[in-house]
Amino acid sequence: MKETVQTAVVGVTGYAGAELARLLLRHPRLKGKPPVFAGRVDAADAARGGIPLAEIHPELADSQGHGALRQQPFSWELLSDLDVDVLFLATPHEQSRAWVPEALARGMRVIDLSGAWRLTEAANRAVYAFEDDGTELAEETQEQAVYGMPELHRKRIAGARLIANPGCYATSIILALKPLVAAGLVDLTRGIVADAKSGVSGAGKAPTAKTHFMYAADNLSAYGAFTHRHTGELLEQVGLDASEIIFTPHLLPIPRGILSTMYVHFHEAQSKASIAKVYHDFFAGSPMVRLYDKTLPQIQHIVRTNYADIGFQLDTGGRRAVVVCCLDNLLKGASGQAVQNLNVMLGWGESEGLE
Amino acid sequence: MKETVQTAVVGVTGYAGAELARLLLRHPRLKGKPPVFAGRVDAADAARGGIPLAEIHPELADSQGHGALRQQPFSWELLSDLDVDVLFLATPHEQSRAWVPEALARGMRVIDLSGAWRLTEAANRAVYAFEDDGTELAEETQEQAVYGMPELHRKRIAGARLIANPGCYATSIILALKPLVAAGLVDLTRGIVADAKSGVSGAGKAPTAKTHFMYAADNLSAYGAFTHRHTGELLEQVGLDASEIIFTPHLLPIPRGILSTMYVHFHEAQSKASIAKVYHDFFAGSPMVRLYDKTLPQIQHIVRTNYADIGFQLDTGGRRAVVVCCLDNLLKGASGQAVQNLNVMLGWGESEGLE
Amino acid sequence: MKETVQTAVVGVTGYAGAELARLLLRHPRLKGKPPVFAGRVDAADAARGGIPLAEIHPELADSQGHGALRQQPFSWELLSDLDVDVLFLATPHEQSRAWVPEALARGMRVIDLSGAWRLTEAANRAVYAFEDDGTELAEETQEQAVYGMPELHRKRIAGARLIANPGCYATSIILALKPLVAAGLVDLTRGIVADAKSGVSGAGKAPTAKTHFMYAADNLSAYGAFTHRHTGELLEQVGLDASEIIFTPHLLPIPRGILSTMYVHFHEAQSKASIAKVYHDFFAGSPMVRLYDKTLPQIQHIVRTNYADIGFQLDTGGRRAVVVCCLDNLLKGASGQAVQNLNVMLGWGESEGLE
Amino acid sequence: MKETVQTAVVGVTGYAGAELARLLLRHPRLKGKPPVFAGRVDAADAARGGIPLAEIHPELADSQGHGALRQQPFSWELLSDLDVDVLFLATPHEQSRAWVPEALARGMRVIDLSGAWRLTEAANRAVYAFEDDGTELAEETQEQAVYGMPELHRKRIAGARLIANPGCYATSIILALKPLVAAGLVDLTRGIVADAKSGVSGAGKAPTAKTHFMYAADNLSAYGAFTHRHTGELLEQVGLDASEIIFTPHLLPIPRGILSTMYVHFHEAQSKASIAKVYHDFFAGSPMVRLYDKTLPQIQHIVRTNYADIGFQLDTGGRRAVVVCCLDNLLKGASGQAVQNLNVMLGWGESEGLE
């Protein structure tokens, strides 16, 4: 177990990047070791040593002077010179796909927040249309990648050199369904429904017609039914065939938070206690999952935390259940889970810096 | 066909009451015939002739002086004296249950916005626990009641003396499912899911912990899975058994609007055109339903209108569909549909006063 | 008085354009005479006769088929061929500045929603930097322009050929201050403060960093202190020197609505009754202003109406007042006032089509 | 300097109480010393040892088991038995007024979040109508009270036994005005305006007509012009006469955050640099104030932090300024400032546990 490490973040300018910076700057194991911030920096800013964090995200300016840290122009030399041990990529998937092999070759461990390395099945990767699919380097890199959900893959994460940090919707759905499906309780022939709703930060920082306040506010819209990119992750991680689940995302008029409502049929009648036991057994030793025994979770209770909250309700016959999972799309759905992976990878307490 | 009628509204103080007042005050057939407003009025207000509308709902004050209309103390004599033809009840279901027989006996036609008379099956009425269930008067009254959804029961509404105006969630789900189920396309053994989301006005005007801004804002919560009171309406109107559908309502952080997402499996593979035809045939002659052929409806496009917007998406195999229905819970889900029923009942144009 | 006219709208694609279309389509004097919509249309759309309104603003599709109306490619010939009497320009001020002389020359009357022709003082126009300032055509056109606030200039509007429709902030501030200043009550040496707050639609439809949901939601920001473009209108219409007022706009996290809070000192002590009388006298005969005698107006009561609501509170000494004015920035602050001007211009009832 | 202390919180059930609990539970000096929570607990809950924090505020349940801490029935004996050193009162002002003398007599130091002890002038206290005003005990207690704004009274706080924690609006206005007024720059004869806007949490947790989502959402309203209870604090702390300032609060449609816009006239022309210097000098050594030199602060940058952000804009003549101050009403405006006072009182780093 290392006492500390030098981290670097590429992509601090986005929403997930801001959360990542915030978490790493106050992580107890990283005191006095702020991350290196690197990325695209124009000439004028490069001339003054990069862009101060306080200009990128004014809310990160604090009395300890962290606002004066700068995003520097990215170069592999910079990262090597500064002895970066762990590289966080909060970059578009094309860029992550291109950069990871080089980072690994230079001896860094990588936690990639994009969808670049999450999928083992080539068929599922089709939605990303990676040009390098099938090349030897891509294959080798993909084989090293571990899907970064500690609740499912804690041991493999501990030794991993490349973490493919899960998608936000996928995290909420996998955590809710995996215990039930793995226990063999779910009648998959009747089909699972995952009706998911996410706040606007999930749509990214670029101003578009759909992220305009006038479009998103006081509104709700469904999109990407049958076609959302996170589908492949669900299928692979829960162990489902595409015909066994329908996943529909919706855009909520709130800044952050996901609530996913899952509908399952059981082979046999279940009791509240039997289902609760399945969840409690599955998540024993998982500090970042909170199970609700009496009520259903709500977005307000998980926003700005790294918890995934799970609750369920059975019908009177015990043959059908509604399962609700809530999490913060920028934390447990992105940067928080990335730091959780960092902790597991380095043998630190899994929830350190995340409470 | 009557040229005009005298209407009365009991319960103008609530959200549905305000919308009802607004619609009736500007209805082209009711020019110069404002509704009689009657309800609970304390002694001090009674002494000044009732409570001015402008004090109850400041937004209803207009340059035509409608803000000076008053909610008067309710009495049957008042309604008789003023020759009320049609009585709108925007009252709690217990009150509607108690009052309707008297109103009918006095020769008024009634449009009741509560759940008091919507259900024909006694088993489904159990959720309301009506004390009079089984009495002769209740039976006779119930038999006269017509479920007030013109798209399903236009002819019976035309002759009805008692309209049971549908529930808001129920309207959104029935309109989306009825055409498909009636056409025999849906494999009910695989179960339908109706995941519904409503704005806060659906929870009523009483200040409660759940309607507090701090609870509702930036939040989403599921409630009443398997137990919501609108379930009986869905079952009776769509023609389903309780085991064939799961309906879960959610509380959206917006003032008004419902979006319901329905998931169905078909017996046989369908095409976009085949499903579109089912909907277009079913809603031919229904001016208040808008069908989307290319995209899915959104709440922003129906808020403050009386339209129900319906769209769908098929999976590539054509065996599964996601159907989305949006409507304004206070209009098509309450007061707008009530006026639509008034129009049909009196032989007026179905959308008069609703555009 | 003309029975009806043919209108045209350039710029229906924006927020003000949508409201204008909605108002004109249901105006009782314009039944069967829908506006001509003209603007920039690409070749593909031109080939199909223009862009259907239902694609531009889905909420405008109605059971009367108005969604099928099309925005056609703009040309002066089109407008002439269709005998357009009144042209509404919901266009950027540069474009309005360039087009108005041609429209007038072709005999159309123009109601321009931009800032192009609102200012009589060249110094105040400096913020717009019009290239044509000082040319004879511009001078002549400017002289014909009437500032389109019926409460101040009703008579001149009646005969006008060019209406410069007021700015949204300016409307809320002028209506509140003009009666007090015109009555000579206000001690201008002590300075007036106008602290104004507007919903996001005021910032326009273009997606920008500031209109991103993540920026605007749950936020409030001040901007343009001392420099906002509407300042010139205030000064000219209220009759103030720049040193006598400070106007600061703020961006509210709501779709629409303006609330302006004005602070004034009086030369002499006033009573509630004396101030109320000033306002009631000034706005006698103005159907679109509602005066509050007991409480202060709120945004919720004016949203989606064309009313400007005004209320005030005095300190115990009667020497200072807080005046609040609320209006909908897209209606009384833009398109509603434009239709009000149309009504006045044509001798119709001032509030026709606006209730 | 004490290494640690035992704290207690009365009133954890409210919004400020929740924030206080969160801050104290993760304060680095209080590790392993969670606060004692005491308050009203009914018999059934008392029988199980009190109400678990996780039931009061689900978001406070964490993987360290803090959700299992309980609010116990309040008694002075409980506090004595548990050796409470510092008592936080997040209680109504009447209760704080009644309890503080007893707490002081028992040797506890008190940080009171209510308005009970903030005002030294009896005239200003009239708004609270304290029954004990004028009694010896009240006088003595009042004399011990220190207004808990470290930026103004750091030294006196260090030795205080009773801290009167400032009001939220008052904090935002005093911090912005005090430096300018203390420097003698402001022409008070022309009057200061403080136009303040606060999120809904400032209105408390009780469900009322004004905190209903339907009232607060998409709305803005002014209230309490000339009469708000925080006025006395402003006057005393800034050193103003009631005739020299107008303060109007507004209710913003957001959960939390205050933005106050202040308008001042200067005796003489100032420059950007001269005003900046005044602020920088005044707040040297104050870690929880962030000064903006280029832009104006916004609510989004201070929400969920303990910072007060201040910026200003001068008119071209340098004689007038708009000053904006933003803070989180539950943190720097309540519980965060309370913890800041705890730090100062105990000689700890002023921002410990607050970053």
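Lettered A, B, C and D in written order, each chain numbered from 1.
Going forward, a residue touches a chain if its C-beta (ideal position, glycine included) is under 8 Å from a C-beta of that chain, and two chains touch if they have at least 3 such contacts.
It should be emphasised that the depicted structure is a prediction, and the values quoted were computed from it without experimental measurement.
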| query | Which other chains touch subunit C while also touching subunit D? | reply | A, B
| field | Distance-maximising chain from subunit C - centres being C-alpha averages | value | A
| field | Distance from subunit D to subunit B - Cα centre to Cα centre, in angstrom | value | 46
| query | Centre to centre, by mean C-alpha position, how many angstrom separate subunit A and subunit D? | reply | 36
| task | For subunit A, write out the residues touching at least two other chains, lowest number first. | result | 215, 218, 253-255, 300
| Contact set on subunit C toward subunit A in their complex | 15, 200-201, 205, 207-209, 211-218, 253-255
| query | Within the complex, which stretch of subunit D touches subunit A? | reply | 26, 58-59, 61-64, 218, 287-288, 290, 300-302, 304-305, 351, 355
| field | Complex interface listing, subunit B residues touching subunit A | value | 190-191, 193, 195, 197, 215, 218-223, 225-226, 243, 246, 248, 250, 252-255, 257, 259, 261, 263, 265, 296, 298-300, 303, 313-317, 320, 322, 324
